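These are the structures, in structure tokens.
Note that chain A is present in both complexes that follow, paired respectively with chain B and with chain C.
Entry: the complex of A and B
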């Protein structure tokens, strides 16, 4: 049950989603991945993918045009 | 209740609209544009005029190129129009101003840092490839796909097939060089 951060600031689609998929596949069940993004369409496609996979997802707006996506790996 | 907490603000101003909403609005606007001007929406043709106007202003002779041959629509645009009298150029300016307004209204404006030199190289090479491709394909995903398919033109469908080929090659390059 560890927290990991993934810095995707300055990355455009689909790089944040691909990096998230790669990083999450190496984590254990129960781990939380915090993805930092500043690209509004990644704010749509990263949570969409994670929810479809069945993980728990929460989005926090941390600044103007900046978000943190919390993904708890459930399986 | 603060304005930013209202349902209207969150659904209309801040959150991205559903794809269907965007598609219907784009269709209505393109029909309106076609009815008013006789041409469907395009984006990249004015870019070729911008380049040619600049080249002409610094002493070049784009009017001697086949693309801008006398009597063609491109030739007329080059010789008789300017940035402010060319409708397509004004529409492109409108896209940029509209996007800026939308992102400011949503409090999502941010000047992003360039992360590494590979992003710059990818942007320059990608821009050149897209610009060249848009000229030989009679437009971009707006002029060739959206307006081409809506006009029942075969070139719009050929474009559609090859955009998948391009996206496949592009995604392989992206994973190899940008990940």
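Entry: the complex of A and C
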């Protein structure tokens, strides 16, 4: 049960998604990955992909146009 | 139920000392609104139609931004994430636009005027150009409307995209006569309603879009059931 941060600030779609997919595949079950993004498009497709994969997802807007996506790896 | 409990755990498990101070954006919004209205009146002094274009442009931008509508994602996400929600949204938009354009064109043709809008020659150059544009828009992170919308959002990487988008467009426009003479003059310009009649053209297009919608829907569900 560890927390990992992934900095995707300034990265345009679809780079945050690809980085998330890569990073998440290396984590253990129960780990939480926090993806920091500021691209509105990634705000849609990263959570959508993670939910589709069956992980627990939570989004928080930490600043104006900046979000953190919490992904708990479930499998 | 179990899902909500897990969601709560996700929240508490993570360190969240990251909340930044937010600036109140309301004063900027009011200033911007006043600016938009004043500029609309200025445009009205130059041309009567310009304020209509102005309001339409701003409305398009708001809808694009708020809906996270993205032509790039509509074609990229099925491959990347298996999600076809935007693909379906684009197909619905095409269907609505088809009906609207048909109404405009039909009334113009009935009145004896030439077909309004662009009826461009179609051929291999269309497919090759579309492929190049597709590669470009995935790398740049947005098509024309998507790039413009994110420029407005303040995403600075795409300010760079916009500059080169303008450079590329100007270059293309500069050499357009050569491209046209070399590739496009021999290709036929097809206006389907004139060729096969209005009902066949419109309903054929709607049936085609409907079929694509069903395929997209099936593909999206198939991918999600595979993963869960």
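Convention: the second predicted complex is superposed on the first by the 75 of 75 C-alpha atoms of A that agree within 3 Å, B and C clash if a C-alpha of one lies under 4 Å from a C-alpha of the other, contacts with A are read in each partner's own complex, and residues count from 1 in each chain.
Please note the rule applied: contacts are C-beta pairs under 8 Å (C-beta built on N, C-alpha and C of every residue); 3 or more make two chains touch, one makes a residue touch a chain.
This structure is a prediction, so every number in the text was calculated from the model and none was measured.
Asker: Once chain A from each complex is brought into register, does chain C clash with chain B or fit beside it?
Answerer: Overlaying the two complexes on chain A (C-alpha atoms) leaves chain C and chain B clashing.
Asker: On the A-aligned overlay, A:66 touches which partner chain: chain B = first, chain C = second, or both, or neither?
Answerer: Touch partners of A:66: chain B and chain C.
Asker: Residues of chain A touched: more by chain B or chain C?
Answerer: Of chain B and chain C, more residues of chain A lie in contact with C.
Asker: Classify the contacts of A:29 with the two partner chains as first (chain B alone), second (chain C alone), both, or neither.
Answerer: The answer is neither, since A:29 touches no partner chain.
Asker: With the two complexes superposed on chain A, say which partner A:10 touches: chain B (first), chain C (second), both, or neither.
Answerer: Both chain B and chain C are touched by A:10.
Asker: Touch check for A:19: first (chain B), second (chain C), both, or neither?
Answerer: first
Asker: Please indicate which partner A:54 is in contact with in the superposed arrangement: first for chain B, second for chain C, both, or neither.
Answerer: second
Asker: In the overlay, answer first, second, both or neither for which of chain B and chain C A:40 touches.
Answerer: both
Asker: Could you give the residue numbers on chain A that contact chain B in one complex and chain C in the other?
Answerer: Shared contact residues on chain A: 10-11, 14-15, 18, 38-41, 44, 63-66.
Asker: Which residues of chain A touch chain B once you look at their complex with the stated criterion?
Answerer: 9-11, 14-15, 18-19, 22, 38-41, 44, 63-66
Asker: Where on chain B is chain A touching in the complex?
Answerer: Residue positions touching the partner: 16, 103, 107-110, 112-115, 119, 171, 174-175, 178-179.
Asker: Please output the residues of chain A touching chain C within their complex, sorted ascending.
Answerer: Counting only chain A, the residues touching chain C are 1, 3, 10-15, 17-18, 32, 34, 38-41, 43-45, 48-49, 52-54, 56-58, 60, 62-66, 68, 70-72, 74.
Asker: With touch defined as at the start, can you tell me which chain C residues reach chain A in the complex?
Answerer: 3, 6-7, 9-11, 13-16, 18-20, 22-23, 25, 65, 68, 70, 72-73, 76-77, 80-83, 85, 138, 140-142, 146, 150, 153-158, 161, 223-224, 227-228
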